[in-house]
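Just so it is clear, A, B and C label the chains in written order, and each chain counts residues from 1 on its own.
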Amino acid sequence: MKFTVQQIAETLGGVIEGNPEISVNTLSKIEEGTEGSLSFLANKLYTPYIYTTLASAVIVNKDFVAEQPIKTTLIRVEDAYSAFAKLLEFYNQVKLNKTGISQLAFISLYAEIGENNYIGEFAFIGENVKLGKNVKIYPQVYVGDNSVIGDNTTIFPGAKLYSDTIIGKNCIIHAGVVLGADGFGFAPQADNVYNKVAQIGNVIIEDNVEIGANTSIDRATLGSTIIKKGVKLDNQIQIGHNVVVGENTVIVSQTGIAGSTKIGKNCMIAGQVGIVGHISIADNVKIGAQSGINTSVKKEGAALLGSPAHDVGEYRKTLVHFRNLSKLVARIEELERKLKEKE
Amino acid sequence: MKFTVQQIAETLGGVIEGNPEISVNTLSKIEEGTEGSLSFLANKLYTPYIYTTLASAVIVNKDFVAEQPIKTTLIRVEDAYSAFAKLLEFYNQVKLNKTGISQLAFISLYAEIGENNYIGEFAFIGENVKLGKNVKIYPQVYVGDNSVIGDNTTIFPGAKLYSDTIIGKNCIIHAGVVLGADGFGFAPQADNVYNKVAQIGNVIIEDNVEIGANTSIDRATLGSTIIKKGVKLDNQIQIGHNVVVGENTVIVSQTGIAGSTKIGKNCMIAGQVGIVGHISIADNVKIGAQSGINTSVKKEGAALLGSPAHDVGEYRKTLVHFRNLSKLVARIEELERKLKEKE
Amino acid sequence: MKFTVQQIAETLGGVIEGNPEISVNTLSKIEEGTEGSLSFLANKLYTPYIYTTLASAVIVNKDFVAEQPIKTTLIRVEDAYSAFAKLLEFYNQVKLNKTGISQLAFISLYAEIGENNYIGEFAFIGENVKLGKNVKIYPQVYVGDNSVIGDNTTIFPGAKLYSDTIIGKNCIIHAGVVLGADGFGFAPQADNVYNKVAQIGNVIIEDNVEIGANTSIDRATLGSTIIKKGVKLDNQIQIGHNVVVGENTVIVSQTGIAGSTKIGKNCMIAGQVGIVGHISIADNVKIGAQSGINTSVKKEGAALLGSPAHDVGEYRKTLVHFRNLSKLVARIEELERKLKEKE
């Protein structure tokens, strides 16, 4: 991709200050600008870089006033950050605009392919699979029998969807994700041996969900494990069978949620959190990193920290005392000494 | 799959109450029953649902007494829960009964394939590999040179077995599992550079083991990393080189075990636990979630919690005091105040 | 591979004691020696095994003095451990010496393949990819468009490199690794919905880096996520967008590093550690297992433990008091009782 500053300024409704014929082929941070890159200045802390950047052009707010000579070409717009974000988005759309069905993919005769699908090399599309419009299936992806994938959803290389997985519209599933593996269910026998409990449910991912690399979501024993619309899951998250994650909840990497737990909507769960099975977390709850949640959280909007987790304010106070335990012990010793003196 | 209630009742040795001609094609929870589904009632808490369920038929205990009119067809059996579990098992066996060797798989001329094998598209079977009877290798699986896989074992899509991996009978290896990658062994040099220590051992998985999605088990430096018979590993578990996990031990997701540690048999290790290298854990030990184990556990049947972990009873008492640290500090301040008054 | 003891002794410059015609075909620990295996004795603790080992030959230090009759053949060398390590290395090189471009791989017409490359079955090599000399790409690997891989680098089965990934020389990337998936960046909207922030940067892996199974490293939002030369990453590590890991730093499995954090060189970070985003860790810092790092570490060579982490010495003292909290409470009660008596 190569564009002139003129073309970009027109797209953004911006005003050029400098050479409109200069062409750019990539986007960069202002402090890492190189010849051929287009950058932006939105945060005042970065203003000094505009006088030294090697970027060929920089998008700035229209009221930006230079205090030194500037070598790079400027594009003045209403809101430099939004304008640049739009370009990022556009750049990505062009770059990721794969199309066509590879002759090297395996597609069941009983699968329904949608309009304008991309199916990459060595992808496997099973029986009775239904793909919507503009679906992108990257190479080496596995889509098990009876799975359904909605319009505009992208599945990156090597993700594995076991049979009966349902994915909504506008979802992004990253490489290494496993959806629908068996839940961890075993019935202990008298001789310490475990019998497997068959897991015949499935996984449902609603619209506008993103799932990070190497995350695994188990199928339900019966019924469905459900990730509701707008949820964003980071990498290496583990979600057990029959879990439900509510709308627009965000979960950071390496967090684990055990079976049958229900998470509310608009929650923010930080990284490396562990949540036991068979509990409920209310809406709008915030959970700090590395916390352990072992009972239901009924209070909407609660903020929790620690393992086991408490109210974040209380927990932080307790942590201060914990750090001071040596001093506390010294104070107790002093009290004991004084009391002994008195005896 | 479609069966009449008549067929199912005959299989289970049950007695029908209602229409024996009704057909069902899936299994469901009683509270999520739909037309065409077969459900069950075993737990009394769910009794109210039998009067409202949309399931076409419900399996109940033979002594169940209805207190209101029931619309659905009943199948009365000795033990509703066991009968339903049998159906789940049967349903899964039929659904997962893949067979045939895909023309799109790569199979070395020097590999031995067993009777009734399934080898899916884009699977790789290396030199000198030996597959038993009824082995199922799903698409995109990699089976490295000299690996051996026992009868009735299933390897789900995209699992990777490095060379020399030995897997027993009746095992289930889920998608994204990596067996036999190099252990993490490096020798520090004078200049802060690390030299790799070659890892030439292998991984041995004994019979009746299940390994969850995206779990990784490293090959031994020399000798074998061994997962003994009946072990059940959940998703995203990390097992280091030369570790041995004893018979029928169960480990929950995201737990990590460092190199050369030996875990006893019949242990239960919860999620997100960390266990250091070069220690031993006795038989029948229970370890709570998010615990950190940094020394050997010699006491059989010990129950541990915390990081570093202690006896679970003691640890819970300590946690109560920890939560009350603010109050404890207040009590010390009060003591100090009173003592000062006396001076 | 089959060698006579004569051939091995010549390679190592060793002196044979016993039958030089005996042949060996594998390497083993001395306590696990079998007929046909070659072992070594370096650590005195293992000396008793030399009298009972079934290994066909054992490498010993030249000054080793037997105190009982020995059945196995000895090879005496200057330094038994180093000699054996060299053999391990050699064994692995021979075993892993795959070559040739599979007809079943997909290679873009616009990719540049180097001399002596191995490209396995069902591997995908995208547009404008450049591979150096002696690069090994195992089956089912995905190398996205515009990626560059340096000389002597090995990518094990099923690793996924998103577009624009740069990997240096002499690197080892294990199975299940995902490089360059989107960073976790979302802009919250008024209605609790999150908009994706496009992630157009890349991942750069410098020379001599090893990355363990199922580890994921996200691409930068803009610019690069960088793993510097000599870094060793274990399995299941998560590294966020725009992170930089300094030279020769070693990180153990299941650790997570959030976005934009900079880790110094020669650091040692244990397993299951969590490090928040947007901080810096100085050079030579050591962080204990399961620690949580929530602020920058400015002191070079600091040793930290705990969540949140403190100086390891202080933290261990605090932990002793923590374990004794019940006794501390008893002491406070005793003080309260005594003081009451006095009133």
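Rule of thumb we're sticking to: contacts are C-beta pairs under 8 Å (C-beta built on N, C-alpha and C of every residue); 3 or more make two chains touch, one makes a residue touch a chain.
The model shown is predicted, which means the values in this text are computed figures rather than measured ones.
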_Quick check for you: after a Cα superposition of chain A on chain B, what is the rotation angle, between 0 and 180°, in steps of 5?_
120
_Same vs different contact residues, chain B with chain C, by half of numbers used_ = different
*Report the inter-chain centroid distance for chain B and chain C in whole angstrom, where each centroid is the mean of the CA atoms.*
26
*chain C residues counted as touching two or more neighbouring chains*: 122, 140, 158, 176, 214, 236, 254, 272, 322, 328, 332, 335, 339, 342
*Would you mind writing out the residues of chain C in touch with chain A in their complex?*
106, 122, 124, 140, 142, 144, 158, 160, 162-163, 176, 178, 181-182, 184, 186-187, 192-194, 196-200, 214, 216, 218, 222-223, 236, 238, 240, 254, 256, 258, 272, 274, 276, 292, 294, 307-308, 310, 314, 317-318, 321-322, 328, 331-332, 335, 338-339, 342
*asked:* Could you list, by residue number, the parts of chain C that touch chain B in their complex?
replied: 27-29, 32, 85, 88-89, 91-92, 95, 102, 104, 120-122, 138-140, 156-158, 172, 174-176, 208, 210, 212-214, 230, 232, 234-236, 247-248, 250, 252-254, 265-266, 271-272, 289-290, 319, 322-323, 325-326, 328-329, 332, 335-336, 339, 342
